[in-house]
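What follows is a pair of complexes built around chain A, which joins chain B in one and chain C in the other.
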Partner chain A sequence: MILTIASNQILALRRQTVFLALLGTLLAMTALAGVLGWSSHQTIVRVYDQAVKILATTGKPAPPNPITLKPTLSLLLNMVVYIPLVGALLALLLGHLSIADDETSGIGRLVFSRQITRTSYVLGKIACAAVVLMAILVASLLVSAVSLLIVNRTISVSDFGRLTIFYSLSWLYLMLFALVGMVMVLVTRRRSLALLSAIGVWLVITFVIPQFTSGLRPTSSLNPITSPVGTSQKFFKVTAYARDYSVAEQYKEASGRILNTATSESIGQTLQRVLPIAGLVIILALLAIRIIRKHDFSRSVNNE
Partner chain B sequence: MNSSIKRIVTIARHEYRAAVRSKILVVLLGILIVVTTVSVYIASVDYASQLADYQLYRTSALANGLTRIAPSPLAPMSLLRGAMEYLEIIGAVIAITLGYLTVSRERANRTLPLIRTRPVTSGELATGSLLGALGVIGTLVAITAVVGVLCVGIIGHDWINATQGLKLFLAYLAAIMYMGVFYCIGAIATAKSKVAATGLMIALGIWLIVVLVLPQIGDTLDADNQIPGGLFKALTLDRAGETEVLKHFTTYENIRTWTEEASLAKHFERFAFAMTDVKERYRPFSLPKLLGQTRNDIGWMVVYSIAAYTALRRSFKRQPTIPQGGTL
Partner chain C sequence: MGPAIEFRGLSHRYDTDYVLRDIDLTIEAGEIFGFLGHNGAGKTTAINILTTLIEPTSGTAMVCGYDVVNERSQVTKCIGYLPAEVRMYGHLTAAENLEFFAKLSGVSDPASAVIETLNYLDCADLADRRVSSFSTGMRQRIGIAQAIVHRPKVLFLDEPTSGLDPLGVRQLRETILRLNKELGLTVFMNTHLLSEVSRVCTTIGVLNHGELIYKDSIEATTLRFPNEESLEDIYVRMEGASS
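Entry: the complex of A and B
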């Protein structure tokens, strides 16, 4: 039954062209990250060539080419920004539509006149979100690999492996927001309120919590590499304890380690960063299963 | 009072009252006020300690008979940087929500056909709604401004003077203008969509591109930002060398500049940062010179505002009065 609900939802998303819109947007973002990476590579090479000429006229020795200082996967560093900004909002929308459409169209009432348990219904919706997000991220992985091939002419097995792990982590992170989208539909009475509350949660996770725990200003969240403030201030002495649970920060930190663009650390430490994200996904899934049991689908038409 | 103005004022008052009754708006406002307070508090605590160090230096220098004492390098208004950034990001979402609610409320309550049976033109409806929304936005911005100034004074131990107050007023006026444009985007997108929620999604998509993606691309394309620590520093080039190299990158720099120019958020940010002393290079300038330096940003904000208002009037004129398809 879970599979039937999931495949039905995937079909609905395909027919509404939501799937195509999500895929197109995220692939455009991945391609943009690739173009920016390529542009960065070209700029460094051209600036270096000019700098060598200028330094030669002044008799100074040319420093080593800075391109060698850049890790190969840093070309795709912008994806670490686009996933929490664009990807998370799209995932939120995916989760929202999965349940809200059934409410507004009255399908919710019809479905439960059949022998379908509420648990299998919500699990089917979660499975649909998982499959759709996985398909989109696999496509993004391929676009990223092609971008690397174009710029670097080659891609090592190790780099491809790192990319695969990065996109797996991104999938987990996006699942978190798909579940937020679903839960918000189940806890609010109006569709618009559900969408705006979910966006409120996204704003808090992406911008507000990092400011509380690490003193990161909102625009710092647009930077792939973040440097948290020290804990000398009394305020941060207290809030820094919560930094480990700030999922947006932990996602960026773990991505930096996976893509080899940040100071390396042990696998155990990186895994520890992923745990809060995985934990939150499990908690939200359990919450959705619990809430849907009490959700009244019969009021859907009046409170659309 | 002219009857047309009277109708506009009535619609504006209705818009204001309806908006402050919305639960979701109150929640978003709450979030904005809390984060503004925290951001100014965090900056103020650090500032207070720097100010204490400076006062200590000043007292000791005076006690030792020194007559030439270095002026304080601290700028109290720069503590409001975080508050401005929150207005730029969360403020824009609040404005879009306001615009969305303006249209969806009348549709859901089935009051739009009723209003249009009265002698109210679509232009009056658009102007009245915008003025009401600007009233709500003005109230919200005033609350965050008072919270910000009080935090700087009480926690940072430095009260802003009259000139600084005027500059701050202009920065917050720009914030109202900036949010007004996003209000129009939210209302236009919702008015043009059969299902209001789709309009909200489109408006949020525009917000994402204008506020987050375009400025981020502009920053990423900066030649010096290509490697950590700065590309020119890694190449041991001084300022003259950097200028010489950049002569060969005029097209590239033009693309980068125009990418940033396309973002209203970037213009608001530049203007607000110049007015609140965030950027050190603007600190020595008098207000007229500051306005001259930021005339490009002011011009863009005015152009965007006029375009948004014109589009709002057009979309209200073409909006079907009878519900088409979904209502929310």
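Entry: the complex of A and C
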């Protein structure tokens, strides 16, 4: 039954224009990240070549090529921004559509007059979101790999492995938002309110909490200073503690470590950053299963 | 053969408002039952309980001899349901929609069941068309197809004539009679269209503010109210007497 629900939902999503448009946008953003990285690479190379020529005429030695000092995956640094912005919205919409469509059209009533349990239904929807997001991110991974190949002429096994781990983490992060989209449909009775509430949660996770935990300390944006303010004051103690649970920040930090663009740390420390995201995904999945058991599918959601 | 549907002391309330009060009702297998009542009388709530969508506040409801709360799985095996305003997945074709519902009902060969059902209802031409392009009448036919694709014993129809033109109403009437005669389906139908009730149903029940105020066969009803010209007159008189 889980498979039936999941495969049917995938088929329906494949034919929805809004979803396909957002998917296209994410892939375009991935390609854009590659183009921006390539452009930046070309500019640095050109400036370096000119500097080497000028230095040679004055008899001075040339400094090492900065490109060789930069990690190769830094070309895709923008993906760490695009995924929490565009990707998370895409995931929200995916989760929202998968249940809201069934409610507003009255299909939920037909489905639950059949031999299916509510748990199987919601697990089917979650499985669909997992598969669809995985497919999208695999496409994005391939676009990223092609971008790297174009710029660097080659891609090492290690870099491809890091890229794969980064997209796996991104999948987990996006699952969080797909579940938010689903849960919000189950707790509200108006379709527009469900979508707005889900976007509200996205805003809080992506902007409000990071603003509270890091944004209050202006110098924190100055790399490589990570904890510029002493945590002697109670207020900053709280914000510093909350930072560990700010999933958006932990995602960015972990991504930086995985892509080798941030200060290196042990695998254990990086995994620790992933834990709040995984924990929240599990909590939301359990919450969706719990809510749907009591959800009244006999009354259609108001399609407004 | 035992009763197809049975209510015993059935009540249901939303918050503090009772929509069904202490209903006792038995519908024998093979009947076409017309459930009548004003808007908000509790007809759809009764169907929601019988199709296992909601649980009654008190009392019991049985379908095909199974309790709708404690034996939900057996109940869902033997029922088909067509809600008012059928929509289904607009992006999918009729056949894809039907196959989905056949799978959910545990049909062993869903593809064959879909073709067979569409042929039976003379709408095989709609199989590969997307449901979003269908007229109300076409949707209704596909809606009936989804309700019978797994060969249920009891069919629940909630306001099946709403939005249909006169030709559509006639086609639906013929389909209901055919399903009852050829497949032996018991039909439980909520409707406002009293002219259709008198043509299709074998038994009627009248619900007024959540209470069952009348239940008998069409013949017995006509004999009981010899001075009334039509079922509509009889219904108006019943409603008037109870309010």
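The definition used in the following text is that the second predicted complex is superposed on the first by the 267 of 304 C-alpha atoms of A that agree within 3 Å, B and C clash if a C-alpha of one lies under 4 Å from a C-alpha of the other, contacts with A are read in each partner's own complex, and residues count from 1 in each chain.
Methods note: contacts are C-beta pairs under 8 Å (C-beta built on N, C-alpha and C of every residue); 3 or more make two chains touch, one makes a residue touch a chain.
Here the structure is a predicted model, which means the values were calculated and not measured.
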item: Touched partner set for A:191, first chain B, second chain C, both or neither; value: first
item: First, second, both or neither for A:177, with chain B first and chain C second; value: neither
item: Partner chain(s) touched by A:106 [first = chain B, second = chain C, both, neither]; value: second
item: Touched partner set for A:116, first chain B, second chain C, both or neither; value: second
item: Contacts of A:70 with chain B and chain C, given as first, second, both or neither; value: first
item: First, second, both or neither for A:12, with chain B first and chain C second; value: second
item: Touching partner for A:166 - first (chain B), second (chain C), both, neither; value: neither
item: Contacts of A:55 with chain B and chain C, given as first, second, both or neither; value: first
item: Touching partner for A:211 - first (chain B), second (chain C), both, neither; value: first
item: When both partners are placed on the shared chain, which of chain B and chain C touches more of chain A; value: B
item: Touching residues (chain side chain A, partner chain C) in the complex; value: 1, 4, 8, 11-12, 15-16, 101, 105-107, 109-116, 296-298
item: Chain B partner contacts - residues on chain A that touch it in the complex; value: 32, 36, 39-40, 43-44, 46-48, 50-51, 54-55, 60, 63, 66, 69-70, 78, 81-82, 85-86, 89, 93, 100, 104, 190-193, 195-197, 199-200, 203-204, 207-208, 211-212, 215, 217-219, 222-223, 225, 233-236, 304
item: Chain A-facing residues of chain C, complex; value: 44, 48, 51-54, 73, 76-77, 79, 81, 83, 85-92, 96, 100-101, 103-106, 146, 156
item: Parts of chain B lying in touch with chain A, wherever the complex brings them together; value: 23-24, 27-28, 31, 34-35, 38-39, 41-42, 45-46, 81-82, 85-86, 88-90, 93, 97, 100-101, 104, 196-197, 200-201, 204, 208, 212-213, 215-217, 219-221, 223, 226-228, 231-232, 234-237, 241, 244-245, 248-249, 252, 269, 326-328
